[in-house]
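Here chain A shows up in two complexes: once beside chain B, once beside chain C.
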Partner chain A sequence: MRLFGLALTTLAATAVAFTALADGHSKALESAIQARKANMGVISYHTGLLGAMAKGDTPYDAAIATAAAENLASAASMNRMVLWLEGSAQGTMEGTRAKPEIWSDAAGFEEDAMALETATAAMVTAAGTDLDALRIAMAAVGTACGDCHKANRGPRN
Partner chain B sequence: MRLIARTLTALVLFGVALGLYLTRPAALPDGFFANGTADPQAGALVFAAAGCASCHVAPEVEGEGPPVLAGGLAFLSDFGTFYAPNISPDRTAGIGAWTLSDFARAVTLGVSPGGAHYYPAFPYASYQHMTSEDVVNLFAFIQTLPASATPSRPHAVGFPFNIRRGLGLWKLAFVPDGYVVGADTAVLERGRYLAEGLVHCAECHTARNAVGGLNRAAWMAGAPNPSGKGTIPNITPAALDWSASDLVEYFTSGFTPDYDSAGGQMVEVIENLSQLPRADREAIAAYVKALPAVP
Partner chain C sequence: MRLFGLALTTLAATAVAFTALADGHSKALESAIQARKANMGVISYHTGLLGAMAKGDTPYDAAIATAAAENLASAASMNRMVLWLEGSAQGTMEGTRAKPEIWSDAAGFEEDAMALETATAAMVTAAGTDLDALRIAMAAVGTACGDCHKANRGPRN
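And now, the complex of A and B:
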């Protein structure tokens, strides 16, 4: 009987430990998702500053454009290893549209992400040059965003 | 009694003759090529605006270099599955043996060189507006692309939709001549030519009736997505409040006013539109802003 009680206690303790572990793990995934979204927000904010100039909604200003482009390039080149944690895909976790392909085709995701790094690095130079250069670089940034979203972002729902 | 039989026979014959007459494949109008000197470089822009590659490049083939128009992309519909054909310059598998007239009739009238109607998965209802100059240049550009020997895949369409002659009636009912929206400036005219013609926006952004005809009364007011997922948005001013400069930016870089990126099939449309001169994207934006509001 005592043996049985001990076994039961051990079992219960193990179950609690596993739940806590899973909980901690899931918290880490949730935090990673939050951080990714914040990163996307930083990208979108700076792209918006450049876009407003490309559209002609705000006048072209080389200093502001350069500052925006530098931050954009920094945000685009964050180390992805700690942001895109395995297990944090749409379908597994709430509040994310990250497709499982990000992990199942890691090389493809890396290629798409590198395309954004390249395009935003080119934007740093273009933004300080003139409006025409900025517009051309803007189209390339847009293509990089779109290509990656097409391959790696799931539907909204 | 004999009189009745004769009258009936005559009526049936008349009916058949009328049917054949009404469903006959159209011929090109005289003088379609009056000023036809070919410029393949200008044709490359027509090719981009018309989005030819989006359907005719083999699915899952993406890469550098000129597009190979081998076909194969599947289009699911209520009538069956259509497969984009090979339109590369291969003489047997593609359109390499076609004359300019064959090509013009196919693109602007939806009629094959052999005189058969094409299914409207091919957007000739929009391409009917294509000028002969653009047709000539487009044909010249396609000749410069690589040939592919991949045979076209036959459509998987069941009875009665497999009777192509019937498409003659469909065309009569649903492919009226002329534009839908009025245009009173040169910019709007250009925008309309692009949006209603080459770029064929309405083929997705306008809802269809039970037999696939576009509902012109709800022009560009959105439609279910043929892929089955979600809807294609209403882009009339009743639903879309983007400014002209927002639209131009969207057509150029794919960024929405919130700096999200375009999704779905618009990604490819923007790849095409971004190749056009800025003035053309501004013209399309002007057209979209001028659309009659449909809630």
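And now, the complex of A and C:
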């Protein structure tokens, strides 16, 4: 019984340790989801500023457009290793629309993400050139956004 | 009376136009507030990853630390022109703790923000070196965060 008691105690301690680890891991995944949604908000804001100029809703301003494009390119180029943690997909975690394909087809996701990096880098130059250049660059940014969402974003919860 | 009627109509149309402009401006300020809070969330997340390693809560990992530092430096170096719009201070707008001093003492704010840029740029190298280097760099990042908040962040609403 004493041995059994010890075994149970050990088992309980192990279970607690596992739960603590799982809790920590789950919190890490939740934080990563919040961080990438925040970064998506940063992307969305600056895309909105550039999109409004492209549509003529706000006057073209080279300095503002360049600043927005710089921030957009920075946000789009964030290192994905610490944001897209394995195990943080829709279906496994709450509050995210990240498809499991992001991890099961990592090369495909990387390609989609790189397309946005390329399009936003081009926008940095285009934004300060003139409105026509901005509009052309904006179309490419929009395509990259749409393609990545189509392939990697799940349905609304 | 007809002239008076016309004048009133013109006045009404002008008022509507002004309201629309004001609404648009207010929305622009609200969007900027949301965007800088989102960016602050990105900063906070990556600072948290590095801070956890500095404190020994998570094991030191050079690759993860470097990725986190890169993202932190990117978020800290966002072009402030399109994020810190004049008129979006606490007291004028809801949902922000940005002190009016950010605009009334723009040079002071710029100095505080540059201190974070410098500290986070140093972190990019330190994070991949070793845990001691990360800890030293983390202290500087923490100081820059604290100094900027002390000078530029108002009380909780």
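In the analysis below, the second predicted complex is superposed on the first by the 157 of 157 C-alpha atoms of A that agree within 3 Å, B and C clash if a C-alpha of one lies under 4 Å from a C-alpha of the other, contacts with A are read in each partner's own complex, and residues count from 1 in each chain.
Note that a contact is a pair of C-beta atoms (placed from the backbone, for glycine too) under 8 Å apart; a residue touches a chain by one contact, two chains touch by 3 or more.
Predicted model only: the values in this text are computed from it and were never measured.
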{"item": "Touched partner set for A:56, first chain B, second chain C, both or neither", "value": "first"}
{"item": "First, second, both or neither for A:47, with chain B first and chain C second", "value": "first"}
{"item": "Which of chain B and chain C A:31 touches, first, second, both or neither", "value": "second"}
{"item": "Touched partner set for A:68, first chain B, second chain C, both or neither", "value": "second"}
{"item": "Partner chain in contact with A:155 - chain B first, chain C second, else both or neither", "value": "first"}
{"item": "First, second, both or neither for A:78, with chain B first and chain C second", "value": "second"}
{"item": "Partner chain(s) touched by A:142 [first = chain B, second = chain C, both, neither]", "value": "first"}
{"item": "Common interface positions of chain A, toward chain B and toward chain C", "value": "45, 48"}
{"item": "Residues on chain A engaged by chain B in the complex (per definition of touch)", "value": "44-45, 47-48, 51, 54-57, 135, 138-139, 141-143, 145-147, 149-150, 153, 155"}
{"item": "Touch list for chain C against partner chain A, complex", "value": "31-32, 34-35, 38-39, 41-42, 45-46, 48-49, 63-64, 67-68, 70-71, 74-75, 77-79, 81-83"}
{"item": "Chain A contact footprint on chain B (complex, rising order)", "value": "229-230, 243, 245-246, 248-249, 252-255, 258-263, 267, 270-271, 274"}
